[in-house]
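To start, the structure itself, in structure tokens.
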Amino acid sequence: MAIDKRVASAQAAMEGVRDGAVVFVSGFGGAGFANVLIRALRDHGAKELTLVVNSATHRLSLTHELIANGQVRKVIASAGRGREPGLSVFEQLLKDGKIEFECVPQGTFAERIRAGGAGIPAFYTPVAYGTDLAKGKETRTINGRDCVLEHAISGDLALLRADIADRFGNLVFRHAQVNFGPAMATAARLAVAEVRATQDEPIAPERVQLSGVFIDRVVAVGA
Amino acid sequence: MAIDKRVASAQAAMEGVRDGAVVFVSGFGGAGFANVLIRALRDHGAKELTLVVNSATHRLSLTHELIANGQVRKVIASAGRGREPGLSVFEQLLKDGKIEFECVPQGTFAERIRAGGAGIPAFYTPVAYGTDLAKGKETRTINGRDCVLEHAISGDLALLRADIADRFGNLVFRHAQVNFGPAMATAARLAVAEVRATQDEPIAPERVQLSGVFIDRVVAVGA
Amino acid sequence: MPGLNRNEMAWRAAQDIADGTVVNLGIGIPVLASDHLPAGRDVFFQSENGVIGVGPAAALDEADSDLVDAGSRTVTLRSGATIVDSTASFAMIRGGHIDVTVLGAFEVASNGDFANWDSRIPDKGPLVGGAMDLAVGARAVWAIMEHNTRAGAPRLLERCALPLTAVRCVRRVFTDIAVVDITAAGFVVRELLADVSVDQLRARTGAPFSLAPDFKPLLVPPLPA
Amino acid sequence: MPGLNRNEMAWRAAQDIADGTVVNLGIGIPVLASDHLPAGRDVFFQSENGVIGVGPAAALDEADSDLVDAGSRTVTLRSGATIVDSTASFAMIRGGHIDVTVLGAFEVASNGDFANWDSRIPDKGPLVGGAMDLAVGARAVWAIMEHNTRAGAPRLLERCALPLTAVRCVRRVFTDIAVVDITAAGFVVRELLADVSVDQLRARTGAPFSLAPDFKPLLVPPLPA
């Protein structure tokens, strides 16, 4: 049967997502937030989620809706601070001890996710050595560099935003949309992309930025 | 001064290469062998080299000329066997104990080079666990998987073949030419690419496969 | 007693490749399986040099030395293909994104250990290539090999004698006379050529085996060798 | 006694960015340095969200929310730019391919330790972003900060009080009154505003320092704040 990963709606793309899922959400600085899928996950209602997202509370991402809706148990991110002067919903929950937070340096965050998708269970990195974020972590000096042992992050669901998908799930991103998308797709059991447009014709091999091998479902959501 | 990484000849591209250098040579299965640069390195004459190349003796690569010329002390590769029925020059030297050889699974080979370029001093991988290629290596069970500790490979020089370079050193590869090129360029202090053609105009951002940040010199050698 | 030839072994393996999967085929007999997929199965063949979606071998006048597979064959691309670098290709392999890899083998043990990289050819250099990565990374590892060596020794063993490629990973073996699964209880023979008796199979196999509940004849259409 | 304003501090840092380098500028004052490069210096500004070759900020009518830098500013691309994913961007950073990173800071210690991520704002959540990666990965780390807190406390210290971003990595600090190198012997003041005396500097600095052999006045053209 000819491969076709297109699904009819963002809701349909959430089928099978369960309570307790580890969910990757791509996006950085306004580029690549999968806000249609995030809202579909909110409507789907899965609870006790662990969100793996660069920023717990970026103003241009709808991640905060999942948090405000009580669906999130824990956030793994490099940023947990809102720009607004007061407390974001996330920060209030954190202050009240009602949500867990793991703060990870952004590059280690990206590399741990890549490791999850690349079958590397753990790696040593000099980043964070000697800081509070390395507390409790194993350390080792390799070739004179002090390093911290970091473990892969794998998950159940990845939500990505891209520009175009073909029926094979091959993706092309616009500019800086790409950010965490490829790594997250590889690390998740179910990878879903919302795109501006889908097409029957295959994307030219040299234009594909993420192979459809890593993508399970795509949904066209317009610009 | 406007950045321009083009040099006039393959010989000029070898300037500064020293005896004892660790040299990456890209190429796989006939695609992406930097044969013009390999010959320039032979003519340059640097000795006591460690070659990091997928195949020590591929029939379509001129790597064997460096070996036959007595410039190579050690080879790190996933393949050290020629297709010819008898012994290749490399295999003869190996048999005679006149060259060192480190045999590495191809994926671990690629990942160790990437690690060298990505500032990851070491990583755990399940590959090769329980085999002769893991002998003497530290092992650890992570999340129930038996793993081997592997170390990054960094080097002095990388020789790549690509299709087009712009003056910034940005590269586009043809088809399967890409193979080990990007990882090797990132892991080497001096990265040189031979290309079919160079151009003044920048390659379009979405067509660049390897950023010129990683490339030091490019030389046009024709098809 | 002639068994299946190379194409017939590859054909049999191809029948078990599920629709919509991502498959890596090793050099030698395994790569022939791509010619024998049942109609209507849409499969991506991944080659470890980075080609995702290997198509048929290139015609002589279309051969492009920049478009090769892991066996250095000049190939074409299927619809929807793309090409990545070696790091990304092996990340895909090691990360469990290949549904099945079909590999040639010298020996397979009843605990799933197998040996396919170092046959101890005198003098020739070692060659491991991507075999260890594939064996550890793919979700399922199948082996294709002659049931016996040219000298008649069994290749299905209690323990491998040759240097291992990986431990406890092979799930199914296609030989020239049988299809054998590897389970927690050891070898389980699923199919056997009709003109080979179970006693003959026992004589040619180096470890105990049981017969599958749905044990049946190994049926393959005759194919040119 | 007014010191340099934000643009003037950024200008001074920009003078030290060498031709042909790859530079990452942190959020805040550092990113202003890109406006003040001396003529004729061809530099690639890398932004950790994957933009290699950030150009000037986008004009309002050209702003594209898919083309942003690490500070969420809508930007343009310079000639020769490309964009990579976050994994590749931080591989570039961690792997030593950034010649210089210029970062904002709260505190810098005379052994090169510095603190710039956790100012212990009551209640606000933590935010580390890419600071630790840049501090460890870039070949040279420079900090830009006011010489003193609003309350007048020194930010150049024997030991940081705030949570560290990285250990032993800062090489140079640009403050509103001085340019200070960090050497094996501790702080070395290279430049000082003409209307600040060395004694005044000592009073405003929380650790011993020496003067560079070529110690000179810190001269910056007046710029709008």
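Letters A, B, C and D name the chains as they come in the text, with residue numbers starting at 1 for each one.
Note that in this section contacts are C-beta pairs under 8 Å (C-beta built on N, C-alpha and C of every residue); 3 or more make two chains touch, one makes a residue touch a chain.
Given the structure is predicted, the values throughout are model-derived calculations rather than measurements.
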Looking only at C-beta pairs that count as contacts, which pair of chains has more of them, B-D or A-D? A-D
Quick check: how many Å separate the C-alpha centres of subunit B and subunit D? 35
Can you work out the whole-Å distance between the CA centroids of subunit A and subunit B? 33
Rounded to the nearest Å, the gap separating the Cα centres of subunit C and subunit D is 56
Indicate the whole-number Å distance between the mean C-alpha point of subunit A and the mean C-alpha point of subunit D. 29
Find every residue in subunit C that makes contact with two or more other chains and list them. 83-84, 90-91, 93-94, 136-137
Where subunit A touches two or more other chains simultaneously, the residues are 111, 114, 118-120, 125-126, 206
Going by the touch rule set out above, what shape does the chain contact graph take here: line, ring, star, complete or other? other
When you check every pair of chains, which ones turn out to touch? A-B, A-C, A-D, B-C, B-D
Which residues of subunit A touch subunit B in the complex? 111, 115, 118-126, 142-143, 145, 147, 151, 172, 206-207
Subunit D residues touching subunit B - in the complex, by the definition given at the top: 19-20, 22, 40-42, 44, 46, 52-53, 77, 79-84, 90-97, 136-137
The subunit B residues in contact with subunit D across the complex are 1-3, 114, 116-120, 166-168, 170, 186-187, 202-203, 205-206, 208, 211-214
Touching residues on subunit B, where the partner in the complex is subunit C: 28-32, 54, 56-57, 60, 78-82, 87-88, 90-91, 94-95, 101, 103-108, 110-111, 113-114, 125-133, 146, 174-183
Sites on subunit D touched by subunit A in the complex: 48-51, 64-72, 74, 83-87, 89-91, 93-94, 113, 118, 123-133, 136-137, 163-167
